[in-house]
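Take a look at the structures listed below.
Presented sequentially are two complexes of subunit A, the first with subunit B as partner and the second with subunit C.
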Partner chain A sequence: MTNTMKTEKVKKPSRIRITVRNDSTFLQQGIARGVTFLIAVAISILFLWMVGGNNPFQSLVYIFQGTFAPVAKGGLSITKLNAFFKNFVILLGIALALTPSYKMRFWNIGGQGQVLIGALACASCMIYLPGVFAGMLSQDATKDLANALIILISALSAMVAGGIWAYIPAFFKATWKTNETLFTLMMNYIAILLVELFTNIWRGQKSAMGLINQSSHIGWFYTIEANAGFDNKFITSSVFIPLILVAVLVATTYVYISYTKHGYEINVVGDSIRTAKYTGINVRHVIRRTVSLSGLLCGLIGFFIVSNFDHTVSTFSDLGYGFTAVIVCWLSNFNSFAMVGYSALIVFLEKGAKNLADSGYSANLNEYSAQFIVFAIILGVMLGKFFMRYRIHYTFSRKHLVKSLTSGLIEEIEEENKIAKEVM
Partner chain B sequence: MENAIELIGISKRFGKTLANDSVNLTIHKGEILSLLGENGSGKTTLMNMLCGLYYPDSGTIKINGKEVTISSPKDAFEHGIGMVHQHFKLIEVFSASDNIILGLKEEGFFVDHRKVNREVKEIATRYDFEIEPKKKVYRMSVGEKQIVEIIKLLYRGVDTLILDEPTAVLTPQETKKLFNVLRKMREDGKTVIIITHKLNEVLELSDRVAILRKGKVIETIETAKANESILTDAMVGEHVALHIDRDEPKKDDEVLRVEHLNCTSSQGIKLIKDANFSIYGGEILGIAGVSGSGQKALLDAITGLRHSDFGSHITFKKVDGEKEELVGKTPKMIKHLGVRLAFVPEDRLGMGLVGEFGMTGNMLLRSYEEGHSYFLHTKKPHALAEQIKDQLHVVTPSLETPVRKLSGGNVQKVLVGREIASSPRLLLTAYATRGLDINTSYAIYNLLNEQKRKGVAVVYVGEDLDVLLALTDRILVLCDGQVTGIVDSRTTDKMTIGRLMSNNVEVKHD
Partner chain C sequence: MKKGLKSLAVLGLSVLGLVGCGGDNSKKLVVGLVSVGDTSETYSKAHIDGINEAAKKLGAQVVLKTSVPESSAVIDSANEIVEQGASVVFTNSYGHQDYAYQFAKDNKDVTVVAATGDYAAISGLTNFKNAFTNIYEARYVSGIVGGMKLKELVDSNKLDATKNKDANGNWKIGYVGAFNYAEVVSGYTAFYLGVKAGFGADNVAMEVQYTDSWYDHDGENATAKALIAHGNVIIGQHADSTGAPEAIEDAHKKGEEVYSVGYNVDMLSAAPTAALTSATNNWGKYYEYAIEAAIKGETIATDWAKGYNDDAVAITKLGPSVAAGTDEAVAKAEADIKAGKLHVFDTSKFTVNGEHITTNKVDFSYMNWSTNPPSVVHKGETKETVKTDTYGSYVEESVERSAPYFSLRIDGITEVAKATKN
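Right after this comes the complex of A and B.
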């Protein structure tokens, strides 16, 4: 038999303790955020200098030019700006789509799958529907009513597909309490494999799938047309309408969560399922409805990716933002307006990193090392949030420690109190 | 007799409550000691300090005459002290022997399962346990799990075992087996401490009994010299007069009638056994009992949160005399019956309120569905929140401050305020003043009395017998899910209630 009796050791509590701050002012919060952000930037510069070897500030300029690139004749490069806005719209859109689920504490990490399955549904509509509507399509098909119908059906099927993709894990969660994180993750892989399967079928003997309806443009989403008197490259680009729509979605999401009965139910279920049940909320129904809504919106993003931006589908159609959007959601505390800022920041940094790597300014700064900057800045933002909410106590002498242990660290005592009640 | 453990002047404070107040207790080697006391008398807290879960604010612990510091369960193990908690701490998907060696740092990379199984078997034969070392915990009954917990301690060479309410979850047969095992351990020289509030077990098993009341050890008696009434008297203590206004009840309006109510848990344990009683408008009915005697199940059955067994009847008489059967209905259906039932649950933030919402948002909880609009109407709830804040003096920075940030008393005021605002006919409250300071408690008593004067039928589930006696009109006593008596609060005393509370059914039929 084992006997673990050993010589006596006097145990001492740790010197570092972390407590919750409830009383920080707006100014303190601002300082916490600003200082950590600046530290992150400083670390990035240090890193660029150490790894790149060249002038780190020139590297920063390349990062900045990833989005805001000056062109020879003056002004900024519209191509770069539009590329930024495309990514921004997709990232923000997915983050907004996930928000209702997350507010309910349903950890849906299946954004990727829901977007891809929507994209796939849209692509198949674009491929097969022109045959169905053949009689109604003229030579210049984009102006036909039938084309509008095809676009509408594409959008609806993308939404339905995304909705179903989310409904399945929601149904299992609501009925059998399965783990939604794993389930939604696995649904991603199914969606990826389906996209792979269909793109392989569609490309046939060709090396790549290419654009769908490349010559006829059937099923391509509309852009505002340039004419003689009106030629603003931004307004006529493919990002303009999606930008407006996503702006509307920012406001609608906020209103939906904060001011509607559905939003109220989502909040109650997220906070306490028992409160929800006693109140008479049909928890299962709310879970299914909310998560399906998330999936439906993800499917809609998938539609825009295929019909508006890419005109094709691949396993990378979502740009990996199905997961990045989760970070955006968390960083912004599920506040849809804050999501705008965080999405922009992340896309800006990504574009910058890419630009720095492509510029060939330093042989050592490839895309992976440039990604370090993205990581450092996001970490800085998260640390800022941490210091905003928590206070770190570091005690130098043991005497002080005993004092701080016994004096009013209210939160902790309350927490203990709660536990004590449960065990007593 | 040699002293195994000495506790000298141990105190522990949680916020405003003094859970243990300079406790002195000596535990002899090789004895079975019972710790007896009402809910919240500090039994578990005291033992948690001995096994390293809490650290005492002041006082010293001596083991074998030497002063020691115990700041983690690991330290406690090193001193040979181990505890079996009320809620088992086992890993369900592991086998018994895997759970037993969990956390032990043995030499070598591989676990020698055969050696472990053999040693577990050895322990089992020594103390007459029945155990299959390879059985997975999730396939075990509660009794078997408890055995695993005990062997886990013995395997670590523990010689002082603390058991927290060990029989609460056991069948009578399992209890008998457990007692035999504990006696065997005593013969083997082990020290056993059991925390309990069942008098018959104390008398049957232990050598000595220490009685705790309000955080203090009141008395230590040799069991041979004790009997049930001595123990009850020591446990409940002197009657403390509280000055709570109490009007004569009007007892003509029967609001709720409970007939043959039976409830069974999903594990098949009987939670309520054939309860029959009525609640009248204009009275406060107290419900007393040690914790887990079925109070929660009873309230859950009335509010529709728990299914009642076939044949149960809960009849609610509406103001117009119309009768509604509540059995078989969900909370939502009950809400739509228009029976005006209000409930202040025990778990205020987990069940009554939404912690993330402010006061307004929480007022909405009862009415958010009203109206055909898709949007929420916050005007009325906002006004109601304002009104409750003023009338009940709720201290909050704003109506939109999340209620989880408020103090316990203010949280309770928000909850009680909302429930009363629904002008109920039946008001159910569970531990309505638990954790509140004196002033807030009195504020709550006054609110309940006001409702009683209005003709509302009020149910007060409580744990402090002094309060129950001073506040309520009748007291229904529960023991093991059975109604052991309904007494008149004006004529009864603490001893009577104490005896009804600890009146074990088996003993009664003996």
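Right after this comes the complex of A and C.
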């Protein structure tokens, strides 16, 4: 009796089993990635063809031209490249900023709020500081020392604001083990509402706030000036300095995570809090320090958005990249060099989708439906990573599967049955 | 395999060919539009359709940039448009204006039009323009439609005096406004005066609630619900979604006597029984004018504002619920506006703090309101806007500047700050 009950308890095994794969070669990894990527591209083309109705390969040209566009005079559009780099810098910057938190397995999805609060702090400085420094500002204020001071204070305030915004959930997590995902998410909403509140006050009797210090340009971040002998539209654009800074940040993040004591502590806390405690790491301190650092860097990006790019603040100042950056972080396994590639891919696809929607290629494809391809391809990349790490076993014959899975168990049961019979 | 390679090569060539095609439009005039939304949003759709039709008619080429936020993206988009060979760039949102101005300053050989903007004339730039329609005329006429419906409801005793009348015995109407500034104030005042004219009596009071957004479907829906709950019978709007008409249709189906007067597009698909009509802009007229001027090599007007006389504004098809005789009343009002006999802001038709006004000076400076006190960005003149002709005294609108500047708060209208979203 007991034996039959035992056999009934054996669950019907699934035809699909997933096991971790440790033995994949570089070639296999490449194939897994390449094939899934190509499938994603094929699905995207199919989608464009089905929805758009026109030659889908032409749509690929439009997507390509979202970043690399020919201009009427000949050559490639510098404006489009610069616009690409602007989004790229912001996305990569936020992803890098979030990396220390994620490496520590602190699920900070508050990038948006930390960027926005930094942006708001920067905007406040640009609005109120010219009044404070009025005596030190001349007619052509951009060349004044006081203006440099205003820019510096704006940057510091933005960093402090972003840091505080991240410190609050970190403090609660470290002290009372609160859930950081929900907490940082809620902090996003508070930041959005604060930006809404202040922009609503600052716009006064207009329907939009417009540029801050439109005529004086006070607090506007510096660009390299063009002169008679030198006028390179890329170097004199507002993306050039941020690009250099973000390149430095890529390297420092890598070094910080991989080769410093802080990086070591972050890794240990991320792997196991108990191990961290045994090795004498002050876990609470590390959590607070690391997450604040993330927030501080997000705030700095907020500063660049307002002072360098937009010269105004709004609830979409972060371009929605507070969340997209999380995807970049995950895709790249927190490797800062891989983030460069993934950020570029996502921005390239977004720009392409937008260009496709504007091209008049098909009336059915607006920006949102064109965005489908962005997600399709990101999904393809994710699946590629999945196949690289896991092996999927599929068995066509269930009988065979049961045998292979439970062979040991069945033998054991048979053995027991024998003994039972003998006893009876 | 070989076949595959061949077709790949063909694809490659065709891609190159297409890339090469990019700049082959040297003879056609190229114009560009930087639009705040895309065709899924009524206001932007009106602009996009308008410029496309005008360009088609006049043989110009359009470069379109949709869903461009009110940020430095405007300057990027304008640059891209110019790279495609355009010499005229239009932007369609008020919040684009500062960037359009900046772009115009840096690109003196490009004509930049900030539609609905308000400081081209005082900006000191000759290549920077503004344009607007005299939408207040159409709002007044749409108000007449609402007023006549209100009269029909009152006459047939369909309204509840305890709910639909305020303490002073005024019948209640409502308005979903976007922002508390001149463009909206001018619009709702015109609508209110239209309702009173259609109603044929003065005992009408209007409640205005703001959403603080030009396009916020849920916010407009919630605001309309609040206005319905307050007992307002006719609800107008100056916001770009179908959120309000949908809320009104819902209430209407549940037996409430409440009707919608929309904006931009015919709201009959959103509210088949509750929609009376909508005030609408015909931006195509402006694009036709501007593109034609550019083709002929003429200067585009610094401030362009046209109304019924140039078919730049209209009201949409009347809904099935309108009162009898509405057609005739609308036709008469439109004819009178065209003939200049009817002034929308006739000073004998409204009071401010209980008195008829005789003067209203407007400062046309462009202000920065974030400083305390507000500072002047572009200095404009202060001008008297009360004018008198053979048909009486009136407050002039959209003549000194294309963007509306009637911002008097007249008696009978109450403003309520932003409604709570749900």
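Here are some notes:
Assume the second predicted complex is superposed on the first by the 388 of 424 C-alpha atoms of A that agree within 3 Å, B and C clash if a C-alpha of one lies under 4 Å from a C-alpha of the other, contacts with A are read in each partner's own complex, and residues count from 1 in each chain.
Quick note on the criterion: a contact is a pair of C-beta atoms (placed from the backbone, for glycine too) under 8 Å apart; a residue touches a chain by one contact, two chains touch by 3 or more.
Just so we're clear, the structure is a prediction, and the values are computed from it rather than from any experiment.
When the shared chain is aligned, no partner comes close enough to touch A:81: not subunit B, not subunit C. Legend: residue contacts after superposition of the two complexes on their common chain; A:293 is shown touching neither subunit B nor subunit C. Look at A:214: by the touch rule set out above, it reaches subunit C but stays clear of subunit B.
By the touch criterion defined above, A:70 lies against subunit C but remains apart from subunit B after alignment on the C-alpha atoms of chain A.
Of the two partner chains, subunit C is the only one touched by A:312; subunit B is not. In the overlay built on the shared chain, the residue A:206 is in contact with subunit C alone; subunit B does not reach it. Once chain A of one complex is fitted onto chain A of the other, the partner contacts of A:365 are absent, as it touches neither subunit B nor subunit C.
Contact residues on subunit C toward subunit A in their complex (touch as defined above): 11, 14-15, 18-20, 22-23, 25-26, 38-40, 64-67, 69-73, 76, 79-80, 83-85, 93-95, 97-99, 101-102, 178-184, 212, 214, 367-371, 374, 377, 407. Taken together, the subunit A residues at the contact with subunit C in this complex read 57-58, 60-61, 64-65, 69-74, 77, 79-80, 82-83, 86, 127, 131, 196, 200-212, 214-215, 238, 309-312, 314, 316-317, 354, 357-358, 360, 363, 366-368. Against subunit A, in their complex, subunit B makes its touches with residues 14-15, 17, 19, 39-45, 48, 54-55, 57, 66, 68-69, 71-72, 75, 77-80, 85-86, 104, 106, 119, 122-123, 155-157, 164, 303, 305, 330-332, 335, 343, 345, 347, 349-357, 361, 364-366, 368-369, 374-376, 405, 408, 434-435. Residues 1-6, 8-13, 22, 259-265, 267-268, 270-272, 274-275, 277-282, 406, 410, 413-414, 416-417, 420-421, 423-424 of subunit A are the ones that touch subunit B when the two sit in their complex.
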